[in-house]
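Next come two complexes, and both contain chain A; in the first it sits with chain B, in the second with chain C.
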Partner chain A sequence: MPAAVSLSCWARGLSGPGVGRPGTGFPPVPAVRKPSEFLCLLATRDGLRTEGAARSSSLGRQPEPRAGPTGAGTGARKNKQAMADEALFLLLHSEMVSGVYKSAEQGEVENGRCITKLENMGFRVGQGLLERFTKDTARFKDELDIMKFICKDFWTTVFKKQIDNLRTNHQGIYVLQDNKFRLLTQMSAGKQYLEHASKYLAFTCGLIRGGLSNLGIKSIVTAEVSSMPACKFQVMIQKL
Partner chain B sequence: MAVCVAVIAKENYPLYIRSVPTENELKFHYMVHTSLDVVDEKISAMGKALVDQRELYLGLLYPTEDYKVYGYVTNSRVKFVMVVDSSNTALRDNEIRSMFRKLHNSYTDVMCNPFYNPGDRIQSRTFDSMVTSMMIQVC
Partner chain C sequence: MSRQANRGTESKKMSSELFTLTYGALVTQLCKDYENDEDVNKQLDKMGYNIGVRLIEDFLARSNVGRCHDFRETADVIAKVAFKMYLGITPSITSWSPAGDEFSLILENNPLVDFVELPDNHSSLIYSNLLCGVLRGALEMVQMAVEAKFVQDTLKGDGVTEIRMRFIRRIEDNLPAGEE
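Let's turn to the complex of A and B:
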């Protein structure tokens, strides 16, 4: 449920005041900020402070509609909104990836830097999301409890499905397998675009790492793909 | 209601602390600092408790002669400590609980603000005014 809230919040931030003027009959005015730019705002640390002070009020404290995306009892309108939210997230994500890579092309930096950048964005977003998602849950019992939460609740709210398989060696390594990972479904199944898969997984790796770090677990998250819509995330927990 | 409200980070340094200006500020800082040990104790005891007892609200941490100290710990191990005047007997456990909920909601909003760096001091004006509203209700 909270994913819809935060995502629609992003969406509103994106659309700005120009969009959806009722009655004018004009098509929506394009947003001032590009989506990629906007997500960068979520993640970048410095340089936006002065502007941030002015904008933060409109971003952080929007009145939040409690529109639930799931559940049998929700009305058609809510379902529509959930679908729109989902599409927005997918579009925003792919635009963000291409945005980061485009900006890197101009500065001539290598592939790894872009992955790191995307991962760091995910980290910050994951921290925020986990804070919101765990607001009403009971305290977690142990590490496994937290991982289960990530696989079930977190994954459902962000990607609309649960992790298909969670495996662990009980020594700090967890493997999360998703047979139909949402961010890869738009690409052709199989091995054709295998080399590009990593950049579409970096954000999610960061999301998991950020979420875990917010719950007090330091970890390293890597992703691997062997055949397209399926992928595995390996979480290595750093013991103190 | 509250005479002092504090938000303490995972690593036990203060993110936000505010007390009523009429009294000695240092006294409250000391009180909050002392309470952190009790919070730690309660959390470690709670790990073994049953599912329905694993609540975020910790209840009364300890009473002193003039004040009562209440605690709350989020899942991200951020601690909220509230000092309440003990002469105010009308204040029930439930009300304290709902005050903590409000504080938590506000804190979540701060966390989700993209211009806030996790771990920094909280300087949000909305958060500040929310705390003020909790402190004014007192008198």
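Let's turn to the complex of A and C:
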């Protein structure tokens, strides 16, 4: 088993970014659960595939019929356009990360502080994005429905692909696995930069937490990487 | 399923909102980190420069534009191709200086400021200063030293946003001595 880098991308389910957020003294991260404790979701309705059910078919690819009404011609064009502003976002994100870390070099040196900063930025963005995204959508049925929305629609909007695997233990813990996480694909895939991966996940942890918080769910989101472009986000729902 | 139907049309707009919101979060964070607005402006410009230096690669790969023969042509490419491609807007080019080394880009609507309102205590913050850095960095990589700065900004009550671009000089390749 490869040594998993456990990240301290803190996402506290408090009332907002920065509120009551001390630099230290976070609760310890619960150990990663045994896979057997989790039930694989997904094969249920449309969309995401489970590991088991869809192993033979194209894992993670969107089923054909849902390709939607957009014609092939406009689709290609649109795709190109979307790719273009994606480049801008990717560059901005990496600039943000290096900016935050550079400013820390001069003064405070604490790694956790930078992660928190990035995470808070993500929180704001997630909140705003979800606010606008769900403007005209139907009401969500339950927590699972919300998580699926995050895995599919939200992820597609932000990262141009769906989450590859979603698991839960039905006790408020969800694990979202992305086998080719967009913000890590530009880094070399070996073990060399594994320790730096956490910097590039903090923003996204915040994004998820902010999004969920806007849908009325308080959560703690952490991330871990064991081999480079793949990563897992663990969402712990905080019961009220 | 209404949620599904929405997605196709919304998704493009959404991804530009992702950028806008992310940029907003960044500026907010910088305002918290630095004490005065000048430092924030400087930092934004520096970040923009770093982005521009890389973005030009992406731009050249994607756009198929050839070599520009003069600064006017460069201005056209910036406004009609680059801005269109990355921000979805086409600024107009005006106010050429007689010598042809300065022009203005007029942005009718600046997507970066979609959700922004400047508070009173940040009157000297140049919110979109990142753009100037991007332009400077990108052009430097194609051997043009330019100066870019905001002269009008809708956030500060002007009717339009105007970026003034000035050509400084052509950067000559400095080959090490003895090499051709």
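Here, the second predicted complex is superposed on the first by the 161 of 240 C-alpha atoms of A that agree within 3 Å, B and C clash if a C-alpha of one lies under 4 Å from a C-alpha of the other, contacts with A are read in each partner's own complex, and residues count from 1 in each chain.
By our rule, contacts are C-beta pairs under 8 Å (C-beta built on N, C-alpha and C of every residue); 3 or more make two chains touch, one makes a residue touch a chain.
Keep in mind that what you see is a predicted model, and the values were worked out from it rather than measured.
Looking at the shared chain after the overlay, A:Lys141 reaches chain B, while chain C stays out of its contact range. In the superposition on chain A, contact of A:Arg132 is made with both chain B and chain C.
In the superposed model, A:Arg124 makes contact with both chain B and chain C. Of the two partner chains, chain C is the only one that A:Thr157 touches; chain B does not reach it. In the superposition on chain A, contact is made by A:Gly216 with chain B only, not with chain C.
By the touch criterion stated above, A:Phe89 is placed in contact with chain C alone, chain B being left untouched. The interface of chain A with chain B overlaps its interface with chain C at residues 124, 128-129, 132, 137-138. Within the complex, the chain A residues that touch chain B are 6, 41-43, 45, 48-49, 52-53, 55-57, 59-61, 124, 127-132, 134-135, 137-142, 214-216. Across the complex, chain A meets chain C through its residues 66, 68-70, 78, 80-82, 84-89, 91-93, 95-96, 98-100, 103, 117, 120-122, 124-125, 128-129, 132-133, 136-138, 149, 153, 156-158. Of all residues in chain B, only 10, 46-47, 51-52, 54-56, 73-77, 104-105, 107-118, 124-126 touch chain A in the complex they form. Here chain C touches chain A in the complex through residues 1-4, 6-8, 10-12, 14-19, 21-26, 28-30, 33, 43, 47, 50-51, 54-55, 58, 62, 85-88, 115, going by the rule given at the top.
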